[in-house]
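Take a look at these structures.
Two complexes, one shared chain (chain A), two partners (chain B, chain C).
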Partner chain A sequence: MKVTVCIGSSCHLKGSRRVVEGLQYLIGENNLKDKVELGGTFCMNNCQNGVCVTVDDKNFSVSPDTVEDFFKTEILAKV
Partner chain B sequence: MNNLCADIGWKSLNHVGEQLCGDHIEIIETGDDSTVCVLADGLGSGVKASILSTLTSKIIATMTSQGIALEECVKTIAATLPICKVREVAYSTFTIIHLIQNEEAEILCYDNPDVIMYRNGKQYDYPFQELNIEGKIIHKARVKIQENDTFIAMSDGCIHAGVGMSLNFGWERKEIAEFMETLTDVGFTAKTLSTVLTDQCLKLYGGNPGDDTTALTVRIRSRQQINLMIGPPSDRNDCDKMVSLFLSKGGKRIVCGGTTSTIVSKYLDKPIIPNINYFDPEIPPTATIEGIDLVTEGVITINRVNEYAKDYLADNESYKQWNYKQDGAAMISRMLFEEATDINFYVGRAVNPAHQNPNLPINFNIKMQLVNELSESLKKMGKNIKVNYF
Partner chain C sequence: MQTNNAPVAKKDYKFDTKVQYLKYKVLREVAREAWQGTLLENVLDIPKIIIPGKTPTMRCCVYKERAILGERVKIAMGGDKNNPNVIEVIETACDECPMGGYEVTNACRGCLAHRCEDACRKGAISFDHNQKAHIDKTKCVECGLCAKNCPYSAIMNFKRPCMSACKVNAISMNEDKAAKIDNDKCISCGACVYQCPFGAITDKSFIINVIDMIQKSRNNEKYKVYALVAPAIGSQFSYAKLGQVVQGIKELGFFTVIEAALGADMVAWMESKELSECGDYLTSSCCPAFVDYIRKSFPNMADHISSNLSPAGTIARYIKSTDPDSKVIFIGPCTAKKMEFQKEEVRPYIDSVITFEELQALFDSRDIDLKSLDEDILDNASYFGRIFARSGGLADAVKQALKEQNIDFDLKAVSCDGIEACKVALLKKGKNMLDANFIEGMACVGGCIGGAGCLTHGEKNKAEVDKYGKEAMEKTISEAISMVKLPEHNHN
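Right, the complex of A and B next:
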């Protein structure tokens, strides 16, 4: 599974660092490092819905406060 | 004509409690790759010292740059300086470093500590002669300059640092020379070297300088061009034109901005590989594109570089940050402030609709203003700047 977080200017200001760090932590905690590849990307041209995150080409809008829920429903449940 | 140029920077500390510095630096470029740098130290401290040193350095710099002999300059100073009522003398010491057509350096020193010179990272004892002009003993030397030669001129505040406090006899010239030796060939700028020296003096003075303290550094280096591209062009059809011009120039290349790096990556047909390491929580991570030396986010990163640049010209407190950190802004700062002598900006004027949200501090006007401010600051650092808009 490939998870990509936008680190462009707009998403950065909306908290992509905390989203990246949240996901890094949760992936580590759940021993998913072998199964989930976490990466960054520059602007996905969807700034209005930032922080933009894709899971295997499917788009999501995540905020630092919703990282944990997002991880449970979209990553942990499907991996 | 050769490929050398001079990087000149200085830093002063004021005598404790004084608003004005009694040391003064004057630098005049005379066009034919020659530069006159004067460091003058006026008698006493405060307003009086400041007037004496300002007059002295202005007179010497202006006259020397016009090719007038030193004897005349000294006579003029003696005839011009106001006489101190308390001490009944008119007095300001001075050091002159005159770079002649980037080939030779003439060093003249009157009552200041002798200029320290480094060649290939080692202290270099240049021969000098003693002149007697109007009863003033002046040390004069002339050396052929090479790449990486570094000259450090000081006011006596440096060698008196810590007298009777942390050191018995102050910080002797010999010890200063040893202290700075290891720092001269690692690529620090003249401004940073001067700051390191005065910071150490401040420490020895226990935070309260007992004298005006100034260091002036001149580094001889080769010219180095760096190209920086930021923002997509206002007309989409100009993308290829902009990138090909950007890539056609020699020297290192920096690309700033998400969309901008996508344009470059398409042109080169090389993928963008982003990083997700946050070395600084406020600065977005960098990325890599094969063939480009540095790829960063745009406006937030440049905003930080602009802050560093402003501080560099003022107190230079933040060199401790940008000098070693690994985030995009610190890396751009090192390339622009330290490595570059000539910088070409390629600025795209497209408006990013996503950035026009009034809640985001990154709108179009801010971006243009940032580029203007940054290029002004870089000019003040003595760099040749060209800005191309698309």
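Right, the complex of A and C next:
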């Protein structure tokens, strides 16, 4: 599974660092490091819906507050 | 467009000098034709567009002016392909300035004291029947003591501005007395470009390559074109807001804008680690002119150059790792970056380089009025990455990175402000007379904010960069770089 978080300026200001850190932590906690490839990209052209995250090319809007729910439903449940 | 015969009011252009303004006009017209796909058709008309009519505005006649403009057009289109240097002399524009060294001027009063004679250790000064001084050039060693001691300041040093500007002694004159650049010494810093009052030395432009890359991307659908902007931008385009500049860059057709300062954060992190492990001293890798200077003039110290790519190269490598088909264009204050991106180790990551001067020309070639644009956002790096733009910033960042990594290391940093200071530090270090383990070298005085490709070089620029640094959301280096996976660290 490939998870990509937008780290462009707009998403950065909306908290993409905390989203990345949250996902890194949760992936580690759940021993998914071998199964989930976490990466960054600069801008997904959808700035108003940031923080933009894709899971295998499917788009999501995540915030630091929703990262845990997002992880459970879109990553943990599907990996 | 303003008429060329009228005197140019300072507020009509956004540059320090009229030479920059002229260069800008050429770049703007070349870009205008390039966007429209009519450059090859209309290239010969550009000089006449810039200088219409019959009255000369700068030189003896319009025909010479236009001939020189023709040369400027060529350089705006990439210049002499056979010359690997990005800095080029326009021989027809070179005024063959006098370069006689110290000479006695009419201000000599023929006094009784003859302090010049007493000061001269070489016996080079004699007097005619009017008691006026003369310098015997066969004896004179250009020490300048006579000039210093003359109470009337009657002795002057006639040195070419380009040669005075070039602190690495790469400029001499050819058989025709025009300036000649020794590519084995030149570090492409652009000091001569900025200082030549006739605009006879200039940096090659890659704007048409950039326009081509943007157009062929088909609105970033075939591939994405990223603009990587240097932190010195904090001191530039001061007539508009930074967010408007970012928006303007996107309106040109760039996919997005990224701070090279994030690469600076990454470099500070890796360089501090490398420094603590190297067991000797390191010289910084971020200024391409400084790196080139060591390689060309202090080759035996080249082993001490940090193994990191420059901040621009480092972040560009990261961008390419996330998007391999992308094009990355660096936009900054630096002419030496135009040399750096062609080097083997950087070429895979940076596709082209333009300066702030050239960016202004690109905006105006598309009639983009920054002041009327909405503000976009630019925020990728930390305070420490951003202050790389000014002298001393890198050393501050390395100190911070050591602290954040809890590395117990006694940092002794020397920040060399300008290539002369770099030379002094390298000479001392070579003789083991410099107590420092980290040499930060910036070829331009003030750091990147003094770069030849800046629109303006102001007193307040350092404060502007510090202010821009403080506006960064991330306050620490580790926070800024936590987003990007760091490449494997290369050991020496």
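In this text, the second predicted complex is superposed on the first by the 79 of 79 C-alpha atoms of A that agree within 3 Å, B and C clash if a C-alpha of one lies under 4 Å from a C-alpha of the other, contacts with A are read in each partner's own complex, and residues count from 1 in each chain.
One rule holds in what follows: a contact is a pair of C-beta atoms (placed from the backbone, for glycine too) under 8 Å apart; a residue touches a chain by one contact, two chains touch by 3 or more.
Note that this is a predicted model, so its numbers are computed, not measured.
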item	value
Overlay on chain A: chain C relative to chain B, clash or fit	clash
Partner chain in contact with A:G28 - chain B first, chain C second, else both or neither	neither
Chain B versus chain C as contact partner of A:S16, first or second or both or neither	both
Single chain C stretch clashing with chain B - from 5-13, 59-67, 95-103 or 239-247	239-247
Footprint overlap on chain A, where chain B in one structure and chain C in the other make contact	5, 7-10, 12-13, 16-17, 20-21, 39-43, 45
Chain A - residues contacting chain B, complex	5, 7-10, 12-13, 16-17, 20-21, 24, 38-43, 45, 47-48
Contact footprint of chain A on chain C as seen in their complex	226, 246, 255-259, 319, 322-323, 376-380, 473-474, 479, 482-485
Chain A residues touching chain C - in the complex, by the definition given at the top	4-5, 7-10, 12-13, 16-17, 20-21, 39-43, 45
Residue numbers on chain B that touch chain A, as the complex places them	257-259, 261-262, 272, 274-276, 278, 281, 284-285, 287, 297-300, 354-355, 357, 360-362
